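Letters A, B, C and D mark the chains as written, and numbering starts fresh at 1 in each.
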Amino acid sequence: MNSFGTYYRLTSFGESHGPAIGGVIDGVPAGIAIDMEAVRTAMERRSPRSVSGATTRREPDTVEFLSGIYEGRTLGTPIGFIIRNTDARPQDYPDADGPLRPNHADYTYLCRYGLRDPRGGGRASARETACRVVAGAIAAAILADKGIAVRAWTESIGTVSAGVPDGSIPSDDDIFSSPVRCPQPDKSREMEAALDRARRDSDTLGGIVRCVVTGLPAGIGDPVGDKLQARLAAAMMSIPAAKGFDYGDGFAAAAMRGSEHCDLFTTGADGSIRTATNHSGGIQGGISNGAPVAMRVAFKPIASMPGREVSTVDASGRPCTLRLSGRHDVCAVPRAVSVVRAMAAMTILDALLAPR
Amino acid sequence: MNSFGTYYRLTSFGESHGPAIGGVIDGVPAGIAIDMEAVRTAMERRSPRSVSGATTRREPDTVEFLSGIYEGRTLGTPIGFIIRNTDARPQDYPDADGPLRPNHADYTYLCRYGLRDPRGGGRASARETACRVVAGAIAAAILADKGIAVRAWTESIGTVSAGVPDGSIPSDDDIFSSPVRCPQPDKSREMEAALDRARRDSDTLGGIVRCVVTGLPAGIGDPVGDKLQARLAAAMMSIPAAKGFDYGDGFAAAAMRGSEHCDLFTTGADGSIRTATNHSGGIQGGISNGAPVAMRVAFKPIASMPGREVSTVDASGRPCTLRLSGRHDVCAVPRAVSVVRAMAAMTILDALLAPR
Amino acid sequence: MNSFGTYYRLTSFGESHGPAIGGVIDGVPAGIAIDMEAVRTAMERRSPRSVSGATTRREPDTVEFLSGIYEGRTLGTPIGFIIRNTDARPQDYPDADGPLRPNHADYTYLCRYGLRDPRGGGRASARETACRVVAGAIAAAILADKGIAVRAWTESIGTVSAGVPDGSIPSDDDIFSSPVRCPQPDKSREMEAALDRARRDSDTLGGIVRCVVTGLPAGIGDPVGDKLQARLAAAMMSIPAAKGFDYGDGFAAAAMRGSEHCDLFTTGADGSIRTATNHSGGIQGGISNGAPVAMRVAFKPIASMPGREVSTVDASGRPCTLRLSGRHDVCAVPRAVSVVRAMAAMTILDALLAPR
Amino acid sequence: MNSFGTYYRLTSFGESHGPAIGGVIDGVPAGIAIDMEAVRTAMERRSPRSVSGATTRREPDTVEFLSGIYEGRTLGTPIGFIIRNTDARPQDYPDADGPLRPNHADYTYLCRYGLRDPRGGGRASARETACRVVAGAIAAAILADKGIAVRAWTESIGTVSAGVPDGSIPSDDDIFSSPVRCPQPDKSREMEAALDRARRDSDTLGGIVRCVVTGLPAGIGDPVGDKLQARLAAAMMSIPAAKGFDYGDGFAAAAMRGSEHCDLFTTGADGSIRTATNHSGGIQGGISNGAPVAMRVAFKPIASMPGREVSTVDASGRPCTLRLSGRHDVCAVPRAVSVVRAMAAMTILDALLAPR
């Protein structure tokens, strides 16, 4: 199905090269002021215009809201919205019975549906994520109202890594003023250079996005079936090109001893209980503990390498070659930062709205 | 909620130190022969008796099936089952208002429910996973009937790693004859030694489990909301102590170039389409491509370090110390192998049963 | 939430007097030819233009499909669609703090959401059902492909009843050539006369819609949690103004003896098992038995009585009077026939798509 | 699937003539005192011992609670429970390939599952409803804590009707002191006499149960997809032998004029808004309005007529006759009263727990 979330739920639709994409956001609490400027900003930050290494596809991505908001406030009813596809170029893609693009969903869609939409990736295109950014921006606005902030940024691109943060969390300004969404200016420049090299080589890069949620109270999540980390993992692994998810010390924890990894409890100046460290990443037993919820998402290098000829087969299994001329990102990471942020905001709000 | 899966769904219940745990498995197809011996074997392999580094809690874990199976075949009706807790020792645990165990769910449960079950971890205890192993063994039997095999094994414990496999998949005999569930005998011995050292130090270790599903046909999964990797990630991240999930090249893919990571399509001897390599881990665009589905799950070191005194606070926030005398595993990984296998089997069957 | 169905799922949005209504249909099987003319016909039949006793609100109700269908065939991806509200007149309605319309949802929405959309009934308006008719028309097309037909017609309006049918099922032509959707011409004229009398009295009428599904194979439905009659009842009782549902002999069965009500099994000419009678209404134990699925839905008289002054209170509880000048149906039944048909088609298809 | 409810969810299991039935209740709020005596009373009231016209099957129906409750209070974790089948007599039933019992689920189960459990009705037996009564009793206890009461009683058996109530709601004592669950003593005796006559004729009767929920605050329910009446209808129509549901004036409303059916708003002595009448049955636009929620459920006469020979076919379609010797109720209604009450309590609690 094409939905995310149980209590705050986005159901989206739309092929990459059809007339429009859009969605319905259900479960929105009533009476909340929505800053439309924040939605526009989120869309702009996802736009290829504002990042390095992005497709040259150019669309204003204007979101038309059709319901659920009246005079700037939510009604509690579903928010329907559409985004017209104004720069679709279906002719840039192989025919339905043409070459299968490697590492794309062409072959698996053919197996799943018994047919192939010749107009680009259809639902497999990252264009679908624009709808997530809309729903995420609204979720983020509702969370902000409760003092909860969601930040995501680029931790690495290819072999250039900005390293694990020291505990300080960058501002959105620091993040989004970088064309690769890395808040450390020197690393940002190194990453840009790496992207340039890859583009010249008709090659592509992957990378890692870090995401931190602050202000989430303790007690959010469920112990077995809907652990907060399980919901977050599902949300992140649903992003195109995502290959891995971890939280807290994550994969590094596998090589640590219990005495190193242990977050001892202590008492804050105000008498509140908190952990002295945050190896756990803000979640224990599936439920938030009041510390920042910290996670990472790994992205593979983009499959489409414009200008490079690759060998493949067509839909009938006949060997052939393929040289893509479409407009494609060199690296998903700078734009994926916006999607990670959106998915985190939706997932955290969903968990907050769960009955307790 | 306490359910896993949509079409093949386990709903479980039971506190670690209450009278029994159990569950209901719904969505089971009718008329399938269930080998009860396979269920017993799966339970035995999860049992602390058969692994290194495990708790000394000793229970026969006899599964009593109450419905859904008649004369060895499934009826299509829900399978209800219970497992009595015969070796519960609630007295080994702190009082409800006593010390909060660090890195456990004591504090987060208190915040979530406003109360604390003094009888050990309640639902947060890994004892809950016994129910998953039951449902997973039945799922694995149904999958085996369709030619689909699920294997899971220990890839690393602490800093001892058996390395990424060369493509060959170990047999269950190779895996489960190792007391740490590592099919490479030399590495298995190294891991046992590492566990011994940790136990002597009153410390604990983490590690990584690898899981591979073979025989899954292409076309299983959904493109946006229920990507196969998202379902698998949620299933794995719901396992106690799991901190990370990746599939295919996973986190390593983040540092690769597109030209390295690309799985070119080719044609098998029988004319079928397949990929020449499997960087993608058997899934493209959220849907299986016919190659083995390969994933990893990272586990943190176990939080309870018997014999070691740790500083903490009690439920009122007063500083105190805690020295655990309970029976605890030194490392979750050898037993988690059985749980990873169960969750993979349930998730894959769930995806197979989804309407298409 | 604003969804219907589990496997074939409509999620709709849109306020009656906002810019547009619309929805997303998810779970649509791939590769099915959709006759757009059938969708237009279904919309036309629901339109007030073509029935007696309807609102004078006039809109073309043009459905714009945005995804999921390409060159006349379903892609398997979600079908997004919108319908612009072109004849909205929000000024016809009381202010947000004005009189509460009796038997409307004004007061309950205020309690539920803490606010009141002043632009007419919002989601409570029957305008919302236009989206159901779209999704129902597509479902009916998919069902027709499998030899399953859904018919709905007016059985009574006010005290004029066409009686229980003799087993023959009227054609859509017979039904929809009647301006009140009653296939018996003499009764149709009586119903029209009753509507005229009610309108002259500034009053409104209720009635009963009958619905029959033919061609459904035996074995569809579930025994406990998703009984076919339970799904149908929920679908029908979600229609605005519906007050009752029954199937087979329904409420009349309560006064019958077992020996009267019993559907004996017999064997058809082709050796197939079938029942000699259909008191059961095509469902036994929650599962279809191959006989026609027959049900009724009772509708209350419409709450808005244009021109009649009624006493009420405003949103602050102050007594006041209200005389509605809006455009309203005298009787919901003729248009509800289209909605009952749509809900039946969606529900039956949903049950057919359920995994088994 | 075998679940009821979304937020307060019962998942049940168990065949009528297997070793046990039972279930898991998930979504139970934490920290609520549960009066086990109330659960026992509810079970006793459903028991055939305490009603007229019931099966002679005799079982203590002892509920063994296995989790979720500790020292008389809910933990917030799932409540698992089992009820042993101690008086099962599978030998009373036809063989798997024997006669199909008319108006039973034998044939439809065979079509649905491709096999037939020879041990009586399996999941189709009303024995399954014992689990609903357990979950309903716990729901009713939680509701009572909030001042919400659920009453159900017999309104008619066969052609003996106690008539629509005058607005006063009978006490549980008045209801359950009657062996047919009719609070009017004269009508209760008439109903008993009708049951005796039917039994002597080897025949069975149907009837109608009325249910009223008081104390529910205004604002509970959802406007489109989860209307309170749609949830209630689905819950009631899932009860074995239920053939119809209506609420408020129900089917009678179909013949009323709007001016008769209209619930005018007025102001209570305390300034609160309420309706002067309750034709609407406490729900407007899918959402409670603070008035009592009033509904009816129609039950068909029981299909099994012990001692009466009926013609039928066997599983291969060969004509045969069948004379049932099993122990069966003459009328489902007296025991169904307990099930209607349970389903109402579960459904109302489910709606109350929905996020808002």
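Keep this in mind: contacts are C-beta pairs under 8 Å (C-beta built on N, C-alpha and C of every residue); 3 or more make two chains touch, one makes a residue touch a chain.
The structure displayed is predicted, hence computed values, not measured ones.
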Furthest chain, CA centroid comparison against subunit B: C
More contacts between chains, B-D or B-C: B-D
Intercentroid distance (Cα basis), subunit C paired with subunit B, Å: 46
Intercentroid distance (Cα basis), subunit B paired with subunit A, Å: 27
Centre-to-centre distance between subunit D and subunit B (centres being mean Cα positions), rounded to whole Å: 39
Shared interface positions of subunit A, touching two or more other chains: 1-3, 12, 27, 77, 112, 122-123, 223, 356
Touch list for subunit D against partner subunit B, complex: 1-3, 9, 11-15, 18-24, 26-27, 30-31, 66-68, 70, 73, 75-80, 82, 112-115, 117, 119, 122-123
Subunit B - residues contacting subunit A, complex: 1-4, 12, 100, 102-105, 107-109, 111-112, 121-124, 128, 156, 158-159, 198, 201, 203-208, 217-227, 229-238, 240, 242-251, 253-267, 271-273, 275, 279-281, 283-290, 298-305, 308, 310-313, 317-319, 356
Residue numbers on subunit C that touch subunit B, as the complex places them: 7, 27, 29, 77, 223, 353-356
